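We just call them A, B, C and D in the order they show up, numbering each chain from 1.
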Amino acid sequence: MRTRSLILTTAARGLLPLMIVFSVFLLFRGHNEPGGGFVGGLVASAAFALYGFANGVNQARARLHTQPNVLIGAGLLLAAASGLPSLLLGQPFMTGLWSAAQLPVVGKIGTPLFFDIGVYLLVLGVTTMIMFSLAEEAGA
Amino acid sequence: MTVLLAVVIGLLYTLGFYMLLRRSIVKLIIGLGLLGHAVNLLVFLAGRLTAGVPPVVPLGESALSAPYADPIPQALILTAIVIGFGVQAFAVVLIKRTYEVLGTDDLNQMVSTDREPPPGEDEE
Amino acid sequence: MVSSRKDNLSRWLVLIPLGVTAWLAGLLPAISAGAPPAWRWEWVSLLGIRLDFMADGLGWLFALLISGIGALVVVYANGYLAGHPQLRSFLVTILLFMFAMLGVVLADNLLLLFIFWELTSVTSYLLIGFKHEYEASRKAALQALLVTGLGGVAMLAGLTLLGLAGGSFQISALVGQAASIQASPLYPAMLVLVLLGAFTKSAQFPFHFWLPGAMEAPAPVSAYLHSATMVKAGIYLLARFTPILGGHPAWQAALLAVGGATLLLGAFLAIQKLDLKRILAYSTISILGALVFLLGVGTPLAVKGALTLLLAHSLYKGTLFMVAGILEHSTGEREIDKLSGLRRQMPLVALAAGAAALSMAGLPPLLGFISKEVFYEATRHSPGWANALTAVAVTANILLVAVAGLAALAPFFGARKEFKDYHAPGWQLTLGPLMLAGLGLALGLLPGWLGAAVITPAASAALGSAYTAKLALWHGLTPELALSGLTVAGGALLYWGLPRLRPTLARLDVGERIGPQRVYEAGLAGMLRLAAGQTRVIQSGYLENYISIILLTAAGLAGYGLWQNGLHIQPLEWGGLEMIEEILLLAIIAVAGVAAVATRSRLMAVASLGAVGFAVAMLYALFSAPDLAMTQFAIETLVVILFVLVLYRLPGFASLSSPRARLRDWLVAGTAGVTITGVLLAILAIPLESRLAPWLAENSVPLAGGRNVVNVILVDFRGIDTLGEITVLAVAAIGIFALLQMPAPRKPEIQEAPEDPEGSDA
Amino acid sequence: MANLLFLPILIPLLAAIASVLLWQRTRAQRAISVAGAAGLLISALAIAERVILHGPLAVQSGNWPAPFGISLVVDTFSAVMLCMTGLMGLLVAVYRLGEEHHSREVFGYHPLYSFLLMGVAGAFSTGDLFNLYVWFEVMLISSFVLLALGGKRPQIEGAFKYVSINLVSSALFLTGLGLTYGLAGTLNMADLALTLPTLNQPGLVTTLGLLFLVAFGIKAALFPLFFWLPASYHTPPVSVTVIFSALLSKVGVYALVRVFTLLFTSQPEVTQAILTWVAGLTMVTGVLGAVTQHEMRRLLSFHVISQIGYMLLGLALFTPLSLAATLYFLVQHICTKSALFMVSGVVRRQAGSFDLREIGGLYRGAPLLSGLFLLAALSLAGIPPLSGFWAKYALVRAGLEGGNYGIVIVALLVGILTLYSMTKIWAEAFWKKHPKGKEATQLTPAAARSLFGPLVVLVALVVVLGLAAGPLYEVATQAANELLNPQLYIRAVLGGS
């Protein structure tokens, strides 16, 4: 990764937000069209991979703004927590609760959506954790 | 198509198993990859093939109308693919570590934990 | 004598057996009156095991011996092991053993009896191995445990069969069932199994060898376990089961043959030994044989004889073992040719030993005399082979008279010797032998009372019907008296000629070379060799062997399933004309798969594997699974990147296997692959009706608010699966992080630093 | 109240998440591990109370009617196993505090531990075949990492074989699953139990059953599939070995019992004959492997295999008594074998090695340890009245009642060999003098508390399970009756009559 081309660096810089937006789009449309948290998370991590490839791992870590393990923990927590509200209502774990409001792309807001967001965060955390530690180990 | 695919699945199983039986740890991971594909395809085929009708309800309708592809095997395979990915990624890094720690990629050199060391050699 | 607080505490432990003895003595009137007390509680009733206890005459007699001699042994051990750091734990184990023995003889439930039986084995293991820092002790303890343990498990099976056949596990309830039990087709099995238990415990030929070995134990153990109590447990068992299993010709034949052989062999081996404890051990074996022999004769007379002999033997043999311990303790010697003239140094001990020896030799007015008279009477009145049986009895008794001389008289008479570290035995050591020997004399003088109060209820219980046992010191001039005279005279002659006979006897003894002791050792060694061999073969360390065996097992079992299903795979439809892109994709998968295997380049293998993955993704896309296709594409890309990143730092593919090995592996892999295809085709031939799909297709939109049914399944219908799935990912990431970041050992294959405290970690 | 069933999964999951989020704070993680396991135990006890008193309990996740979603269902058998999961989770978490391998904690030991418990609890409570696969994978990957965490030669070699063989098992499991769905079109086990007999394909159903036998048999370490176990169980720290032997192989046994009582009962004459043979060979090869070993943990690992054979025998004999014996055996073996492994850890600390040829003198040097070992060892060998006896005896009884004399003889002889190898440990480590004349090293009070606390609890359980065998066998028999009459289970899941 020593010979970073300027083009790649610049391209990655521009691509990162674009790909993130696309990944979020994939996440939200998943309930109705092919897509979902898993694929979305993968696209997002591909963006960070590309960024890290172009600008170095440290830069990529910085752009992530948080530690991968926090993403993993938060993702799992969100996914698990999305099932908890129904428990409070005396219904089984993971019983879907829905708001009446309708949003574009997403459709109705419900707990399964938060579950999918959890998946998205976790996948992002997992893949960045793997990539970063691989790259750091290679650099060490 | 069904029979042809079944045969190809059998071939993939055979190839995967064969690679698992190699002495090189690197080949073993290739074998795991092939085996993973074989298993996923088998689940897919066992759920029967349906061409061109994905289990997505058209906009504005409330239910799928037959014929449609069984969504269950697809969901199972999706889960299995992701699990398989996690396990394979771990396995490949384990292989790397194995090579670093043991200094060999020959599985036949890895027999120490199965056999008792002579007295005086605490094995750790 | 060293005395400490610990020792003082140990001395008070004698109160436990004394208390039990007193309590048992208080039960005598009820037992003599034929009303045995019983105590019953529920336990594991589902398995037929209840806490049923009963003290009938038989159990009571044994129990009294156990607790009474136990009290003396505790006193004796306090002297014998004075100052020993493990005295207290020794005594506790002795008392545990006593408790277990009491359980055996008082239990009125087959399995409860077995439980106590096993406890005696375990506690005796600990007792025999008391001098545990010596390898010989440990070996002897193990040998005794294995032999009696083997008999124990046989007995467990036998007792269970007995309980099942008799419809009850309560012993007293089985007594009336003898006819139906003996008619059961399982009777021979029951008999063999139960006898195995009794014979191993009571050191019958060919299992007798553990008993001389167990002489590694300290003297209190020998005096207690190996004369009066544990070895008699087998006799107790036979007596107890006489009214249930006895009377059958097979029972009689087995007992007579084994008992007779043991009787003769034990006596014969006893006279040629020089080690005092071994002489006593072999003579004990002989008497145990005599008891089995008498129970084999099975007449009321014989049972009476057995019980009287048992009592007499317990008293004199307990005395003699204690005396042997005193001799060893005081002089440091156990060989009879190194001991002589001790009557002056220890007159009380000599008195006790003398009384015991006379009882053993069967001289009046000691109890041993009475028991021998009844013994001869019983063999002479045996319903079959009376003369042969009597001849066996007389021969063995002649030998035993000589043994009595060797073991009890020789050390005390003859020229006085000086011993380096001689110290006189204290009162704790002498009390036991004196009391036991004195009791042998006292009971010999009170035969009428003994017969009526003790032997009668015991014999009645053993016979399963009321029986009055009469004992007397003087029966008049009977043939039995003549035989007694003959026995004593013959024995004296033999004792006198023994020094000259020894070399000849030693040559006759082939047991050392081919005897059961050797069989045991060879068996143990053989088992260990077999175990080592099979483990080396099975747990070879070669992963390819492991996986081969697993695959062949899977193929074999699934193939067997298919075969017994009849292999009727219906002809499948080919699904019409194939689309060209489908065929193409299958071809790509096949070719790339083969390439991944065949190539010698890592990169090529990874690329081919990737190609398989992408082709599979396209196949998913073709067959209505867009989500799958997307995921497969994304994952496959990630996998290829990961593999390339990792693999390029590993060595290239080496060809390590021979062509033969490869062929073998192809056959294994092919067998497994073909079998799986076979099962797949068999299942595809049956039309599938998904029980889930229609409902999901109906309800995905209205109930779960999502049109992409696969996604709805993942995040909602089967959300728990996905929760597990992402957990797997999280764990894998942690594992990868750990494996990559943890410090590598300094060099490959370096030995572990020994200072590592846990042994498993840095 | 059926929502209780989620707790054994959710509590360790939340504990694991908390540990992940507190990545560097190992002290906090230790407390979380202990608390998580304690929570699991409490929830499991609450479930068990309900299930034992009122029969199987089921709940549909997401409130989707069965068989369309995923059902969690707990009958007496799984309730007891859940309790054991919580108990062992707690005891091992405490025992671990006394061990000295803190470097593992930096690399995620604690979250992995909680994830492992979550996987085990999930496997015991799910009513869905595919969901079972998912929990198996959660459990497996956690155990892979826990095993490999040492990172040195023995751990890596052991982990390598463990991972490869278990991945073959997973592949076969998934193959069997795909084929089962391809045949029956459903995944819910209760629904499968209803559907499979209606297909009129007993032969194919048996074939699938045999595939599952191999897949689960690998995890349960049956003959000839157990190779990974002796290759790996002795390589991680003792606490990890304990949790593996206590729970992981037992999940395999649990799964076998579940599918062979609920799903694959169409051709009992075929399946039971095969199971009987496998059980016998497992007992024999395991114990023969054990008698040749000198390293305590290896010796004990081979005994794990041998004892699994007994558990399988209960399934093979297929009577109420034998199945009750299997459950009893599972429970008592978890206590007994865990105690023995824990003893081995203390032995290593006090005498300097796991190798019996290198140690000795503990009878004098460590009397409490000696007593604890002796009780556990005698229980393992089936000496009455300890718990191991009742487990074996019920099997012997069931075998004799059914006329299966051959397998009874095998079981009894294996018991003798077990006794032999236990006396070997006793004679070498405890009775013999230390070959180098070393005195037993004394533990610090804190370490002694952590190491001995769980050990004393387990040995006490071994004794109590023996002495109170009466009432406990009634619970086990209730479990066995539920297994033999699956209508209750099916009704709990699918409703109706």
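Annotations for the structure displayed:
Assume a residue touches a chain if its C-beta (ideal position, glycine included) is under 8 Å from a C-beta of that chain, and two chains touch if they have at least 3 such contacts.
Worth saying up front: this structure is predicted, and the values here are computed from it rather than measured.
The central chain here, found by comparing per-chain C-alpha centres with the mean of all protein C-alpha atoms, is D. Here B-C and A-C are compared, and the pair linked by more C-beta contacts is B-C.
Averaged C-alpha coordinates give centres for chain B and chain C that are 47 Å from one another.
Here the CA centre of chain A is 62 Å from the CA centre of chain C.
Chain A and chain B have CA centres that are 25 Å apart. A separation of 37 Å divides the Cα centre of chain A from that of chain D.
The set of chain A residues touching two or more other chains comprises 32-34, 38, 69, 72, 76, 80, 83, 93-94, 96, 126, 130, 134. Among the residues of chain D, those touching two or more other chains are numbered 13, 16, 20, 61-62, 130, 134, 137, 141, 144-145, 148, 151-154, 160-161, 164, 168, 175, 179, 182-183, 187, 227, 230-231, 235, 292, 353-354.
The set of chain C residues that touch two or more partner chains comprises 539, 541, 543, 547, 551, 626-627, 631, 635, 638, 642, 646, 649, 676, 680, 683-684, 688, 690, 692-693, 696, 699, 707-708, 714, 716, 718-723, 725-737, 739-741, 744-745, 749, 752, 759-760.
Taken chain by chain, the contacts link every pair, so each chain touches all the others. Within the complex, the chain B residues that touch chain A are 54, 56, 59, 78, 82, 86, 89, 93. Of all residues in chain B, those touching chain C in their complex are 1-27, 29-30, 33-34, 37, 40-42, 44-59, 61-64, 68-72, 74-75, 77-79, 81-83, 85-90, 92-97, 99-108, 110-115, 122, 124. The touching residues of chain A, counted against chain D in their complex, run 67, 69-70, 72-74, 76-77, 80, 83, 86-87, 90-96.
On chain A, the positions that touch chain B within their shared complex are 32-34, 38, 126, 130, 134.
Note for the complex: chain D touches chain A at residues 2-3, 6, 10, 13-14, 16-18, 20-21, 23, 59-63.
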